[in-house]
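You will see subunit A twice below: alongside subunit B first, and alongside subunit C after that.
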Partner chain A sequence: MTKVTKVLKNIPLYIWILMFTIVPLLMILVYAVFEFRPDGVHFTLEHLKNVITNQDYLRALKDSLLYALVSTVICLLIGYPLAYILSRLSDKMRGFLSMLLLLPMWMNFIIRTYAMLSLIDEEGIVTKLSALFGGTMLKGTKAAIIIGMVYNFLPFLVLPIYTSMMKIDKSLIEAAQDLGGNSYHVFKGVVLPLTVPGIVSGITMVFVPCVTTFVIPQLMANNVWTIGKLIEYKFVSNASADGVDPDGGALSFILMIIVFISMSIFNLIDKDDESAGGMTL
Partner chain B sequence: MKMVILVTLACAFFFSLIYLIISAFREKCKIEKAIYVILTMIFLYAPIVVLILFSFNSGNTRAVFSGFSLVHYRELGEQTDLLNALRNTLIVALIASVISTLIGTYAAFVISKLSPFKKNAVLKTLNIPMLNADIVTGISLLLFFVFISIPLGFVTLLIAHVMFNVPYVTMSVLPKIRQLNKSTYEAALDLGASPALAFRKVIFPEILPGVISGALLAFTLSLDDFIISYFTSGSDFMTLSVCINSMTKKTIPLAVNALSTLLFIAVFIILLFVNFKPAMKKKKTQVA
Partner chain C sequence: MSHHIIDLYNITKSYGDNEVIKDLSLYIRQNEFLTLLGPSGCGKTTTLRIISGFEKPDSGKVFFNGEDITDLPPYKRKVNTVFQKYSLFPNMNIYENIAFGLKIKKFSEQEIKKKVKAALELVELSGFERRKPDSLSGGQQQRIAIARAIVNEPEVLLLDEPLGALDLKLRKEMQVELKALQRKTGITFIYVTHDQEEALTMSDTIVVMNQGVIQQIGKPTDIYNEPVNAFVARFIGDSNILSGVMLKDYLCEFAGRQFKCADKGFEKDEDVDVVIRPEDIRVVAPEDGMLKGTVESTLFKGVHYEMIVTSTDGFRWKIHSTEMTEPGTEIGMNIKPFDIQIMKIPYNILTGWVLEDNMVDIGPVNVRYKPGNANASEFEDEETVNVYILPQDIDILAEKPAEEPEDGDNILKGEVETFRYKGDDYEITVKCEDLSILVHTYDKVKVGQTVYLHIPEESIRIRKREEVVEIDDQGN
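Right after this comes the complex of A and B.
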């Protein structure tokens, strides 16, 4: 095969990647710093500046990060023990329970959120039960958002941790026990360090969707604004016919930066751990 | 009467589930662990169970369960919005998975022949939609379509779905290409096969499992997607999740519960099949 035909064969792939991956992402930057008005295109940093100084936007940004952080921590607290218990079961039981864990993940995200909502809204069973004890409705509170996030993303955290636990060589645990470690020592010295990659990928799977989600705050507590909901509002609910809301472009750009930063932080932790693990073994 | 039967069935289901889980832990007698698992499963399943229960409600609200009936399943036939959306979802998923399987497989072949440095760079960029937050992908595509002024609708939705499916197909085909034995292909050529015939007879059967699993993955991802579809579908062409989301603004008809129940059962059956088929095969070979 000649070199020319070889290169020609590759070109469609490059065009594909350029057209549908790189250019759209660049569009976010373009709409963040350019304004498209009938009288022409104007370069402006006004909207970016506006987004990082406007109190409402900043509060939404802070809230999104806070909700995501709290939900991720709760997911980890619930999910880690669950993964640990599952990984030590007999084969048959493990298959059955991991299928039970997977099943909700296969349901559509919207249906899942709606199912949770119908427990805690005006007509919901949880609301009625709590009313018996003088409680109030959960829908519309901050707790409702956290519940929605934990409910939706818990399986996504358990699964990678569970997988990394299954990969642990049983003889390592036995060796630790033979050397006189009690179950606490075995856990702290063997199981926990070896599951760090699973924990990190689990956290990424929960944290990033939590920061960016707009459906959960919209359904669970519509008075709370998060950055995802702001963007949805600017682009869809309140979209103007004559073009893109420039603040929306700037907000998307900020969100993209947040996503990339959190991904690279998690990536970094993961890499560090791999090299450290190699040293100790 | 029907109500009593239903409650008894539900109780029986729950108790058998609880019994199963407890018996799993019996070998170590850790009752606390069993309770822990049960509680988390209740947390995960309570909303789904209630959703399914109320799909059989004879009344029209989620407030009171007034009796068992299939009226909402019958109503489903009249919910043209939902049925249209379901049809749209299936059409988009089907077409998008076919196109993305072709592009993804082609991409895997191109990538496998690149130098290590180029391979790394191309893979990293190709995988961006896989790692990126859905909302960023959705917005970026929306802005892209606005910029080149394509009206949002079926075409944009299809492009978006193909775009986020391609890396998944490539990632499942690539390992199969890596495992290919080059000499069998060369042997086929030496024996007088044309490159096309050699590809069809030697390479294609080897990579087929990867292509199939990539296509299935693409299909399910398309079916399940909400966020990217929401931003790229416009207001005229709705997928099922977009349609249900638009219904949440008003009171949701219980027909949605009925449809969700049917989908849940379908997924359950597929998962059972996928999980237990290998086990059955193993048993068969053991017997043989």
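Right after this comes the complex of A and C.
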């Protein structure tokens, strides 16, 4: 195949990337550094500066990262053992249980969150049960946000880990057992290192939407400000007739950079592990 | 007599309805190179996995040095396995791979280094410590897999078709190396292969298996020269297999005439299988031959010529000769008495469950047996037994039965799987659901044809499965 036909064949892909990745990214940048006023378009770094110096914005950013981190860790603690158990079941059982795991995802994300909310609001069964033991309502607390995030994003973490577990050749596990390894040795020496790629992509799939989501904090605890909620507010709720609040573009841009940096760190961990390949017993 | 390191007693194993090992008993002596040989699906790998602990037998016992290890998990057994696909850990380098077992056994870093170095020297791959498994060739990976196993100094090394993925030349080299390694280390090797040549080259003892049953155990030369049945003869090397009749001691009849032979101890006029190796037939002038035939084809095989010769009775002989004979030539064939191997015709051994009213369930159907062949009262209801049926006792019905066969009619529907002319009659295998049944018949059938087999009541013999033999303290 000549170079030209190769390029031609890829044109649909290039168009897709241009339309739905490059252009939107540029638009975010444009909204961050240009002001659209009736008297024309003005370049300014004012809004970027505003975002990184405004204490309210910074607190929202810090909180968002914290909720996302805590939710991801909890998802990992629940999701990894879940994926492990799932991968060791019989074919029939596995199909059934993984379907159950995915079933809630067939429902709309917002409806799912409302359903969760109805458990923890004033009338919710969880609230009533916890009242029996002197507990308080979860709705409106930071814990509610974390519950919402874990509930919604857990399947996204389980699936890539489960896939990487299923890909492990059974004979590798047998080889480890054959060499005298008990369940702990097999897990530490073979299963865990070989599922690191799954863990990294699972974390990515949970962490990023957790940082950026606005629906979950809005519904679960409306008094808490997260970065996602701020952006939504600037672009949608607070949008005026003469255009959007220019801080919104700057916020989106900064958030994107932060997500990009955190992803690079995760991927670095993955690479590190591969090159060291280390097993320490 | 050497010490038994492993004893298997009355092992059975099924996957669903498929019984892969039927009542297998076997012992393995210390320091021997034992090969489990058979076609795929014969149960050899399952037997190996029962020894390594990855499979649990449905019944029967496994003893190691006289100690019952049937319920011991794999990681507690003093055996190590070289897997078919090498199964090196891709996340570790070569050093870490070999050190895996040693680290678990809590050797000091110093000792581990020394042992890994020695193991790499043994497989001639020194200096590969830092390499990753996927940067090695198939042959090198295989050696690392061997090093990883023997560095743990196992008493028994299990090898599951370890050379299967290598090319022919490398495989031959590795055969020699493995044998040398076994001599050098003195470790007992249990080797699984479907390659008869590999088995003959390397083994001290060969166990030939088919359909979950041991066919023959013996030294390579014994297995080759004196196969006990047609299956072994066919599986180990080329052979001519004919139907014959043992007229009396040292005299048999096949291919339309009588021959002197070296066997005795058969019943008068007993039906037998006769095996003659292609290299044991001497080509002579037509008038000097015991048998006459016409050369159909001649093929040069490097060291010898392989000829197909049709004798006057219609049997097609395979003959190896160092001299070239043109196709179309009429020749005579001579066979020496001790080159004629006489074998009993093997029973079909089926697994059955004893039912009431002299019926036994053999899987596809329940069949009736003659009360005299087994005393029904000595079996428990539903007891698992071995059912023996001689191939020549089974009839093929000329046409489809008018009515659908019922239990007790002793009629089985099946499909012809293989078909072979044996000079006098035909030997066919018929697949009836999960069973594969050997039948001798004078009728000509085609492969793939549907046939109805009738098993006469009086030909069905039923035997109890032997009880597990208790062993004494010496492990004998």
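Simple rule for what comes next: the second predicted complex is superposed on the first by the 240 of 281 C-alpha atoms of A that agree within 3 Å, B and C clash if a C-alpha of one lies under 4 Å from a C-alpha of the other, contacts with A are read in each partner's own complex, and residues count from 1 in each chain.
Simple rule for what comes next: a contact is a pair of C-beta atoms (placed from the backbone, for glycine too) under 8 Å apart; a residue touches a chain by one contact, two chains touch by 3 or more.
Not measured: the values here are computed from a predicted model.
Q: Please indicate which partner A:263 is in contact with in the superposed arrangement: first for subunit B, second for subunit C, both, or neither.
A: first
Q: Between subunit B (first) and subunit C (second), which does A:203 come into contact with in this model arrangement: first, second, both, or neither?
A: A:203: touches no partner chain.
Q: Between subunit B and subunit C, whom does A:171 touch in the aligned arrangement: first, second, both, or neither?
A: Second partner only.
Q: Report for A:180: first if it touches subunit B alone, second if subunit C alone, otherwise both or neither.
A: Only subunit C; A:180 stays clear of subunit B.
Q: After the superposition on A, what does A:151 contact: first (subunit B), second (subunit C), both or neither?
A: first
Q: By residue count, which of the two partners contacts subunit A more extensively, subunit B or subunit C?
A: B
Q: Which positions of subunit A sit in both the subunit B and the subunit C interface?
A: Comparing the two interfaces on subunit A, one with subunit B and one with subunit C, no residues are shared.
Q: Please give the residue numbers of subunit B that touch subunit A in the complex, ascending.
A: 20-21, 24-25, 27, 33, 36-37, 40-41, 43-48, 50-51, 54, 61-63, 103, 106-107, 110-111, 113-114, 122, 125-126, 128-129, 131-137, 139-144, 146-147, 159, 163, 166, 220, 224, 226-227, 230-231, 240-241, 244-245, 248, 252, 256, 260, 263-264, 267-268, 271-272, 275, 279
Q: Over in the complex, which subunit A residues touch subunit C? Could you list them?
A: 169, 171-172, 174-182, 185, 189-190, 193-194, 274, 277-279, 281
Q: Of all residues in subunit A, which touch subunit B in the complex?
A: Answer in residue numbers: 6, 9-10, 12-14, 16-17, 20-25, 27-28, 30-31, 78, 81-82, 85-86, 89-90, 93, 95-97, 99-104, 106-112, 114-119, 122-125, 151, 154-155, 208-209, 211-215, 219, 228, 231-232, 235-236, 243-244, 249, 252, 255-256, 259, 263.
Q: Okay, in this complex, where on subunit C does subunit A touch?
A: It is residues 52, 54, 73-75, 79-81, 83-85, 87-93, 96, 100-101, 103-105, 132, 148-149, 152 of subunit C that touch subunit A.
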